[in-house]
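Each of the next two complexes has chain A plus one more chain, namely chain B in the first and chain C in the second.
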Partner chain A sequence: MGQSPWRLALRRLRRDRVALVFGALFVVLVLAALAAPLWASAVADRAPDRTNETGKIEVDGRQVDVVSLDGVPIGPQWRGEYFLGADANGRDVMVRLLYGARNSLLIGLAAALLTALLATMVGLVAGYFGGWVDAVARSTLDVIWAFPVILLGVALGTALAVGGLRIGPLELEAGSMAISIVVIAVVYVPYMARPIRGEVLALREREFVEAAHAQGAGPLRTMASELLPNLTSTIVVFAPLMVANAVLLEAALSFLGVGVVPPDPSWGNMIDSGVESMITAPHLAIAPGLMLVLTVLALNVFGDGVRDAFDPRSSAAWGTRRL
Partner chain B sequence: MTATRSSLTALALVLAAAIGVGCGSDSDGDQASSGKQGGSITIAQGSQPDALDPALAYTSNSWEPLWLVYTPPLTYRRAEGVEGAELIPGAAEALPEVSADGKTYSFKIRKGLRYSDGTPVKASDFEHAVKRVLSLESGGSYLFEGIDGATEYVEAGEPNGDIAGIEADDRTGEVTVRLTAPDGSFNNVLATTFAGLVPSSTPFENQTKTPPPGVGPYEITVSTPNRQFVMEKVEGFDIPDIPTGNVDKITTKIVKSASRQAQDVIDGRLDYMQDAPPTDLTAEIKVRYSDRYKEWPTLSSNYFFLNQSLPPFDDQRVREAVNVALDSTALARLFAGRLAPSCNLIPPGIPGHAELDPCPFGDPNGPGDLARAKQLVEQAGAAGEQVTVYANNDTNRPQIGEYYTALLNDIGLDAELRVIDGAVYFNTIGKESTKAQTGLASWYADFPHPASFMQQIDGTTIQPTNNTNFGYVDDPQINRGVAELSQEPNATAVADRWAELERRAIEKSYVAPYGSEELTTFLSERMDAENCSLVHPLYGNDYSSFCLK
Partner chain C sequence: MTGFVVRRLAQMVVVLFAVSVLTFAIFNVIPNGDPAARMAGKSPTESQIEAIRAEWGFDEPLPVQYVRTMEQVLGGSAISYFTQLNVREEILRGLPRTLSLAIGAAILWMAFGVALGLLGAMRAGRASDRLITFVALVGVSLPVFWLGALLSHYLGFKAGWFPNGGYVPLTEDPLGWAYHLVLPCATLAVLFIGFYSRVLRSSVLDTMGEDYVRTARAKGLGERQVLLRHVLRNSLIPIVTLWGLDFGAVVAGGAILTEVVFDLQGVGQYAAESVGQLDVPPVLAVTLFGAFFIVVANTIVDIAYAALDPRIRVT
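The block that comes next holds the complex of A and B.
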């Protein structure tokens, strides 16, 4: 008796050591982000937005300015307080890095989830109904697809940065993280909806769908109980890559000033404020940059492993478009 | 006219104390003519100027270049320190004759004057320039509202209508301006960029994309907003005491990053950066490039505006709390030491400046009193009230915004920061519909007169758009005081009364001042920094003085 595709995929994934190591790295990063309040209160004893421009700390038995009179912040101390040094406002970089991880990962995960939800709905409806419904959906996706991701993200982010978003009962305040989530989710919908639509087009011709129709199943039921379960593996394969892309886009938006609004930290806005101090305080940009690289690398390698596990023959078929 | 001169003499003494530090200027104040002629330079600004239209431009980003393109009837001597505050005739033949009652100003436009495109300058072009300022609701409108008929002109809403108080005779070039009340600073108003002459055919629209021709040593030949604009030397420009400029072409690029600007100046890809170099590079620049880097004090005041028309700053106790909590020494670090902490709104060097000692809310060189500030917020019942802090994204401004946001949270408010692009920042906070509660403001003297600062808290200057009274301060006593003292032809003679008025504003916590900023000049190696770098006390770096080695 054969094994279910899920069991087979899991078995293949377990054999992919590299993917598992990077998957574990991502878990560690998530745990570190979750532990941010613990580090802030028990180790550093500083809140992430606690400024301290005129403060002093003891270094080698003498009192040293956290931010010097000419504005240069203290570097890494390799101890609880100011482990990775301070920023221009005298805030603890390590604490902000961990809290930034929470924001960056939260936005990345939520945006990826929303992308998956929207893309699945669009792909299902377009593929199942075909005709003008498909034509409208496909054209809309093509229009979004036509814009470079960052350009579209920045344009939407800028447009919503001042007035927020109001669509019927949905109201998102300007400057809230929900704006970033929605923007990122929307710009990535075509990248997931198009393959899903293609798969639905193939699935709807299959016998089990015809059988469901013959038994009187309506469109909604057919989509929910016959097509959706067959799309799960596609969605699962896309998930880590979508999270990686969303985290990266969030960093880009925050770097450009239309993502997470300071003083709330995110890796993107930390890099932005640190990049002007690469000579005297390189830790300000390097630390969040490194976290970003590790996260995206972990998710990409793990995502590749998941993809290979589900369909080892078609690693090229899932190739993502250069963004 | 005589009164203006006596005022100027006294003013010179005041300015000397604050900005007359020399900065290496020639004693004759006419350095620009001595430099090598020709060549092209590329310079940078951190953000697009608010407008490249003399009627609308109102930031140092725009005034610095436009000063050389749109000469008003009067202008300032091209010199550093005290000499630079001297009014001289610009497009006018001579300084205006002022009637005995101080209400009528008469001057004559120079004969044979032409715009950069060759169009002859007419006396009526002055009225057109003023009409554009008023009808476009420019931030400088309030400066001209004292002209008889200006209010009626605005109310009529007809751009081509008439301003009764301005009479211009194109045949003789004579212009007569009648005011409703004497205005001791009106000669200075006639020297602002707003009064820069433009042809009467210039539309009543923002002309930033196609700047109109002007009268000046340079003309703007290319304007690509948010990327660059190009100024080229005007052949045949000839107004006495206004240098014709040394380099032929000045390309100004918009380069957001101060780091990149500084590195490009070091590497010779840029010849001058308008922003201060970032903290990161300042120490190195001071040591390695000291021959082409200098810091200079400004006639400026940096403060947080507190919108008293909106909660929670409609309560004096909350405004006091902000002043009590402010720690200028912390802010000085964010300025990399280029901030002279103060609780005055009128900066040193301007008549009426009297150092508030002690400051009503604590030593500006000491830490703030957070506990007392918190108590005041609680007493006002404002604890937990939501506040949006506005800041722009120019060098160090986001960090100042973050400091201020954290401070407001520390004293019990619920503050969040909103960072706006520098190119549209003042238009945004100056729009009534934005309902900006509080945020960063820095004010550089439009002219060396206390009115230039006190008008920022004068209720009569409030307007729906391009408002510069960001805190919507409308105190009848201050309004009356500004109106009354502005009539005095000699500001220095009533300096103590201006100081009294300022003290009231500070005690009422209408603003939260924290000091004056020093600006910088950093030039590339190929520039002749020793002989060709003039810093004007009002307009900053004079590009017409720049020359190559």
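The block that comes next holds the complex of A and C.
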């Protein structure tokens, strides 16, 4: 009658209706981002970077400037073209919002994945070998931890944005999104590596690890097939929360001008340029901000449910970021 | 215990040293353009660049440059590459602003976090508890810079209830000082209120199951007394620890976005602006200043824990 803890956890998650609804909301947001070209070509009929400073559209039977003579863009029309209005260059806000979603979500998901990979590796190696390996790993984490998150992100982002980075075969071009991904991933590694290391320390003393050693399993084999499977629930619990944090940090970096480089849209840089015209065209800041809040909220609520289902005592909690 | 404290303090110095080396390296090893060329302005001649390079010592080996820059940063004589202003004076100018913001926000988030957390725990499982949890989740999901921009526009500019950003020194006009800080502090506090209410709620629920709480009830104390005297007191321990760590982190740069949005011109905003110009001396100084707060807060917490729990001292 034994049921795997995974199945029990999944069943608990299935009963958590609030978490499921918000998980579905996140899926919808991802689908919307994927459908961006579809909306751009079939509904709005404009590319995300197509400007239209002198054009006119029909509103209530009259021809109206998309961007008025004193530079005020048109507000939301609630129909195909200019669904959410235009920005100061006459670009379609809804189209940019969807394309921005692609960038923001891609960076968030990739960064969280990279964080999870790095943190699991560091945590496994440090916890398993102990001794000087652990000491080196721990002090590296301490150093990253000691940096103010935003400051480290901005510093790395600025330095890399100017010159790019080349380490062996790895090459990050100046101004590419890979830079944001790497920066965000590195910044969050300590948050996840520390608890994983702690768990490995405890697991290492357990009988099944001893048994594996007795059977002649080397460090690599022990880590991969004995320790790693026992870490999955921790990783699963952290995952949605890490994505939420990464999406928020991306927005913050883009807001400060070191993330996604305009004219490529991201929610962060759309908010940044929107805040400047808050008085005349508040929709430019409100729309991307709402998308951001919805995404992060969906991930946080879903992540909260995942934690309750998989590991209620986990140290993973929403809001552990120090932005 | 003495050994533990000494070891922990030594560790602190090592981490700060590593932070300074790393920050210096980020701006010097990674190719980001020659500072001399950037300082020389538009279309400089080769000899002008050479002159600046020699004057500021950019032609020396990196370790020498590092030591000299660090001497200047720690000695307070470091000067910005671009504005030529003294870095220490700039930081001292920004510090009261950042501290005012951080202290105000910290008081707000502690008060509201504890109130909401306690309320949630008392009504655990009921609809009102779930509502509080959801509100807390919304709070931690709001990007500070967006919330700040909206509040400052709608409550500041449109409604005219609050000033539209800026800072007034406490010594000049205490009322104006508080008035200008209401929105920034509230904005910064929202995220923490959500987080703290959650932590306190689960901490209170844990404590409620303890034997001494049952004892307190058994000896006939009222529910209010039990809650405030026995439960809350013990539940506050993890929160107070967090409070110290978070306060350090906020002073250390956690308030950058809030400062930028409300144009408070604090240390964080100074750092953000300097970083944008790849201005090494101020960035190095502010990063060290920030890391110092974070590391000190962490060290104090560790030492306090070791003092309370002897098992920790071993590792």
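Keep in mind that, in the parts below, the second predicted complex is superposed on the first by the 311 of 323 C-alpha atoms of A that agree within 3 Å, B and C clash if a C-alpha of one lies under 4 Å from a C-alpha of the other, contacts with A are read in each partner's own complex, and residues count from 1 in each chain.
Here is the rule we go by: a contact is a pair of C-beta atoms (placed from the backbone, for glycine too) under 8 Å apart; a residue touches a chain by one contact, two chains touch by 3 or more.
Predicted model, so just to flag it, every value in this text is computed and none were measured.
Trainee: Looking at A:50, would you say it contacts chain B, chain C, both, or neither? Reply first, second, both or neither.
Mentor: In the superposition, A:50 touches chain B alone.
Trainee: Is A:257 in contact with chain B, with chain C, with both, or with neither (first, second, both, neither)?
Mentor: Both: A:257 reaches chain B and chain C.
Trainee: Using the superposition on chain A described above, determine whether A:311 touches chain B (first), chain C (second), both, or neither.
Mentor: Once the two structures are laid over each other on A, A:311 reaches no partner at all.
Trainee: When the two structures are overlaid on chain A, which partner does A:81 contact: first (chain B), second (chain C), both, or neither?
Mentor: neither
Trainee: Based on the superposed arrangement, let me know which partner A:134 touches: chain B (first), chain C (second), both, or neither?
Mentor: neither
Trainee: Please work out whether A:70 is in contact with chain B alone, chain C alone, both, or neither, and reply first, second, both or neither.
Mentor: Once the two structures are laid over each other on A, A:70 reaches chain B alone.
Trainee: Could you tell me if A:280 is touching chain B, chain C, both of them or neither one (first, second, both, neither)?
Mentor: Touch partner of A:280: chain B, not chain C.
Trainee: Quick check on the superposed pair: does A:89 touch chain B, chain C, both, or neither? Answer first, second, both or neither.
Mentor: first
Trainee: Looking at chain A, which partner touches more of its residues: chain C or chain B?
Mentor: Partner with more touched residues of chain A: C.
Trainee: What part of chain A is shared between its chain B contacts and its chain C contacts?
Mentor: 162, 257, 275, 278-279
Trainee: For chain B, which residues count as touching chain A in their complex?
Mentor: Of all residues in chain B, those touching chain A are 257-259, 278-284, 327, 329-337, 367, 393, 395-396, 398-399, 401-403, 405-407, 409, 416-421.
Trainee: Spell out the residues on chain A that touch chain B in their complex, using ranges where they run on.
Mentor: The touching residues are 49-51, 53-54, 67-72, 88-89, 162, 174-175, 257, 261-263, 273, 275-281.
Trainee: If we count contacts the way the header does, which residues on chain A are in touch with chain C in the complex?
Mentor: 139, 142-143, 145-151, 154-156, 158-160, 162-165, 244, 248, 251-252, 255-258, 271, 275, 278-279, 282, 285-286, 289, 292-293, 296-297, 300-301, 304, 317-320, 322-323
Trainee: Write out the stretch or stretches of chain C touching chain A in their complex.
Mentor: Against chain A, chain C makes touches at 11, 14-16, 18-19, 22-23, 26-27, 30-33, 134, 137-138, 140-146, 149-150, 153, 157, 191-192, 194-195, 198-199, 246, 249-250, 252-254, 256-257, 260-261, 268, 271-272, 275-276, 278, 283, 286-287, 290-291, 294-295, 298.
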